[in-house]
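Multiple structures follow.
Presented sequentially are two complexes of subunit A, the first with subunit B as partner and the second with subunit C.
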Partner chain A sequence: MRRIVSSLVDGRGFDILLVGVTMLFLLVMAGLPLVYNVLMSFQQVDMFTLGAWVRPWAGWDNYRAVLSQPEFPLVMRNTAVFVFGSIAGQFVLGFAFALFFMLRFPFAATIRGLFLVSWVMPGLVVGAIWSWMLAGDYGVVNAILSGMGLVDRPLFWKSDPGLSIWAVTVANIWLGLAFNMLLLSVGLAAIPRDLYEAAELDGAGAAQRFATITLPMMRSTIGAVLALGLIYTLQQFDLFPAITEGGPANSSNVAQYWAWQWSFQVFDFAKGATVSVMMLAFVLVAAAAYVWSTRSEVRG
Partner chain B sequence: MKLSTIRLWAGTAIAGMALSGAALAQEPVTLVIWSIDGAQGRPGPTDTFSREFDEMNDDIVVEYRALQFDEIVNETLRAYASGNAPDIVSFDNPDFALFSSRGAMLDITDMVAESDAIDPENYFEGPLNSVMWEGRMYGIPKYTDTIGVFYNKDLLEAAGVEPPRTWAEFEAAAEKLTDPAAGVYGATFSARGNEEGTFQFLPVIQMSGGDYSNVNTPGAQEALARMKRMIDNGWASQDVLTLGQYDSTGTFNSGNAAMAISGPWELDRMSEDAQFEWGVTLLPTFEEGGARSSALGGFNLGIMSTTEHPEEAFRALEYFAEQDDRLFPEFNYLPARNDIELPSSGNPAIDEALAVFQEQLQYAQPRGPHPDWQQISKAIYDAMQAALTGQAEPEAALAQAQATIDGVVN
Partner chain C sequence: MTPQIEISGVDKHYGAYHALKDINLTIPKGRFVALVGPSGCGKSTLLRSIAGLETISSGTMRIAGESMAGVPPRRRDVAMVFQSYALYPHMTVLGNLTYSLRFKQVAKAEARRRADEVASTIGLTQLLHRYPRELSGGQRQRVAMGRAIIREPKAFLFDEPLSNLDAALRVHMRMEIRALHDRLNATSVYVTHDQIEAMTMADHVVVMRDGRIEQQGEPLELYDRPANRFVAGFIGSPAMNFVEGTVEPDGASVRLGLPGGPVLPLGRRAEPGRPVTVGLRPEHLRVDPAGAQMRLTVRAVESTGSMTYTTTESEPELMLVAQGRGGLGPGDAAPLCIDPGNIHLFDRETGLTL
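== the complex of A and B ==
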């Protein structure tokens, strides 16, 4: 008895206890809903059997039905545009800002901190603001563009099927920019200064220093930022109801918003679950990439 | 909420004891009532009447909860699935059949037959249909509304245009009234990709001889082609694809659109915001004197089948129905009743408009009722958006909608 207690207080038992509690928490809070969701995608779900586990089995019917929707290819294309557009925009601009703020000028750190405002703002608020800015007839973006003489008639960012997905992507880039910049700044700060000094003495130019010191030293940070960006972008939901509602005609609809529409607009919960399960596969890839790129941080 | 309930119970109990001396006080019955009234900060009919009903009945305690428009269906579904459903709930009329068709609403047909306060004959046909399912009555219409065409009298006069009677005239008028230099579109409407889009487009399908289960009519194709032309030519803003009715009418009120398809819920705001003379005319038809139709809006009230106090809940419904004549003077809602004369609002423009909407209501047809209305509605607004963005020709878009609807209806 005493041995068990002492093992629990200080020893292997304690480790197992910690691991056990964590696993239990994960299982209940993440595992169960996940299993429930996967299960639901193989069942016929009526709104009044929402609370049940046992429901009529549907096999692959839900998957076949989702895949044969006429808007399916469009939604997949939009999801790809949104995810890769957002990540590329956030990363490139975030890296540029991070490098810029590494220059020592007055208030650099303070101004960098102010950038976080975009990150702490709720997505719905950001969405509402961008929605006004991008409005076709009276939006400020069009006013600026026509003031600069770039367009001669207003661009209908939210209502033009060729532009709508970009309207949401631009808003999402703005939203995620600060987060990318901050993570990349931390990575940049960790690179020893003397490396640059030594390279400079040896005659390496700015571009050379960037390519041979900054990029290689930042490899794991960049991997983590990109993987997190992928996960956050696939999770981004608030901007869609606030800006375009996935429209017009699904031209800005993405998988995560589509899943919500299935479940809570049309009340076809099984198809909503099916779309989520399909997304899960992509997120798993991103999660694996994230774990792989941060593996060096975990040791210790 | 809880504490005040207990206090009320205690108060009622003490009052009861005081009245009946030594007799045991009867425990009051608690009724839970949900609606969207009062959720926007402004008092509405159901929250007001619930409070009154609570105060005037010592044997009943009302727990009222205001929910947002977007939440009430989902919240009620969850509550019903977990056994915590309210006793009385108020739904937008196309959502009502979702519940009544699955036995979630209480069949009140027999209670209504006995009732002095509620008589089905007194309701307009459209609203009444939306609470019926397979010949039985599952609730009462709370109020109703519909849509017509608002027009800017000053702009029409300046352009020498008469209020349109047919859709062809509507398009021609929009063309003449458009003035890009002044930032004025000829017309505005809502072709949004949600229920609002269907609300405005289904009447056009109906007056072309179709209905929600038969949408691919030549008239509907013609209407979509016309709407697309209006957008492409700049006679209507491309943003009608994303604007809800409230925002769409806002552009009319600010003078940026000469005509607007919208409803009586706008009358108050319009009389305050619009700096011009305005009027309302009936929704145009395909030919002069052709078949009329219009959208039927408005909420219903019903008792959920899980209630433990059907009699008390029905008394509450009766009280609500008895207050229908207060809907317009106090809340600017149109009662869904043919036996209530609307008093003058004191504003001639509003009175004139109301007379038109009262006439329009006779042609208003409910959406559904169908248990899977949301899927049908999505097929309709998806088709409209696909045609208006040029993703598909009107005929192909409507054929796609028809295929989806066939799968749902049959």
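== the complex of A and C ==
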């Protein structure tokens, strides 16, 4: 008895307690729904068996059904455009802004802080604002484009099937820009100044310093930002109901919105679960990349 | 012959702060110059200005005869060894050594040959494929040196390169850097706050304070004939003792503001009645019962075995240092004397040597 008490007091038993509590929390709040979701994707689910664990086994039927949906290729293509377009836009612009704010000018840190406004705003609000700005007839984006002479008639961002996915992607780039900028700024700030000075004395010009010092020193940060960007983009849901609702004719529908439509508009929970499990497999790859890139950090 | 580095009338302002004040310094080729002074004296700013990492506000700076106005660091052909070493953490030792050669269109094989050559000069051959994080402090220091040597630059700039090493290694590297300088027939500017490093390594020592050069010259010249009280106190270890005093009416001796008001003969003429500060180096004060000029009570005796450091109880206290053990203990009255030639006199107001 005294041993148990002292092991709790001297820390080792207490450690186990702490680990136990966290694991229990994770298991109940994240593990269980996850397992339930995966389980559901292999079952036949209808309105009458919603509350049950045990349902008729469906094997791979749900997966086959999802894959043979006529809109499946379109949704996958849209998801790819949305994810890669968003990540590329957020990363390139975020890096550019991060580099810009490394220049020491008055109020640089304060102005950089203001950029976070985009990040703290609810997605639905951001979606509503962009929806308004991208409106075909009275939107400010069209006004600017035609004012600059770039287009001769208004672009119908939300109702043109060729543009709708880009409308959501642009809004998402704006939404994620600050987060990318912030993480990349932290990475940039961690590079010692004298490395740049040494490189400068060694004869490296600005572009060469960027290629030989900044990029390699930022490798782990860039890996983390890209992996997190992928995860957050696949999580992005709010913008779709606010801007296009996946339309017109699924032209801006993506996997995460499609899964929601299956479950909560068609009430086919099995297919909704199936789509989300397919996404989960993909995100796991990104998560693994993230863990790997933060593990192999370069430390001087 | 054109001096390798020529600095004249250089000033540097950071906003309202005047970091360098009218700096004039000429460094012939092959010279080893130490910039020394307390922190904030401007020695690092001067070094970084030579490198081009700081822009000078006015004055001219020439390297090998060419004006450096508007010349960026990468076109100055000078190499710098940083206090932090600033090794590229994502490159091996080989990568660090050959980094500068990339920008000079040196062929890979030639770069490798030169890296091998430099590595064998400074004993890094076994470490070429290691990363900086896998090296000890001393090894990193060598890589930083190697990175400078491989470039065969017009000048080597050292920014307190030894301050991150332990004492024993520091003494060793001191000699090694100096030997390397001689072997390469290099021109070196070496910043340090450690006057011993400056005295032992350099041909020419520049003592700075508050952005100004207080005195420059050969190390022993600075020791023997300091221009003012600051240089006198800065050069030499332990530091010179300073005592207020007044020149006696005869103009040939000085009365010290110490218990008993001892009078020391000067062996030269001085203005009678003039208030002065008298400088007495600890190693020049001798214990001599026969020829005692003053008797001061001993407060503490510290011995390292070979040397004995004695402090007196007087106000101001005097430190004296002698070889061997000495027979004094705390509370004893120490009979002290000093040769007239070793007495330094400074103006009490301006601090200038009289």
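The criterion applied here is as follows: the second predicted complex is superposed on the first by the 293 of 300 C-alpha atoms of A that agree within 3 Å, B and C clash if a C-alpha of one lies under 4 Å from a C-alpha of the other, contacts with A are read in each partner's own complex, and residues count from 1 in each chain.
We adopt the following convention: a residue touches a chain if its C-beta (ideal position, glycine included) is under 8 Å from a C-beta of that chain, and two chains touch if they have at least 3 such contacts.
Small disclaimer: the values here were computed from a predicted structure and weren't measured.
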Subunit A as common anchor, with subunit B and subunit C clashing or fitting: fit
Comparing the two partners subunit B and subunit C, which touches a greater set of residues in subunit A: B
Spatial angle subunit C-subunit A-subunit B, Cα centroids [nearest 10 degrees]: 150
Touching partner for A:P216 - first (subunit B), second (subunit C), both, neither: second
Touching partner for A:D238 - first (subunit B), second (subunit C), both, neither: neither
Partner chain in contact with A:D202 - subunit B first, subunit C second, else both or neither: second
Contacts of A:F267 with subunit B and subunit C, given as first, second, both or neither: first
Subunit C versus subunit B - closest C-alpha approach in the superposed model, Å: 52
For the subunit A and subunit C complex, residues of the former touching the latter: 192, 194-195, 197-205, 208, 212-213, 216-217, 219, 298-300
Residue ranges of subunit A in contact with subunit B within the complex: 46-51, 70-71, 135-137, 156, 158-161, 244-251, 261, 264-268
List of subunit C residues in touch with subunit A within their complex: 51-53, 72-74, 76, 78-80, 82, 84, 86-90, 99-100, 102-104, 132-133, 147, 151
Subunit A-facing residues of subunit B, complex: 74, 77-78, 80-82, 98, 102, 104, 183, 192-194, 237-242, 251, 256, 374-375, 378, 382, 385-386, 388-391, 400
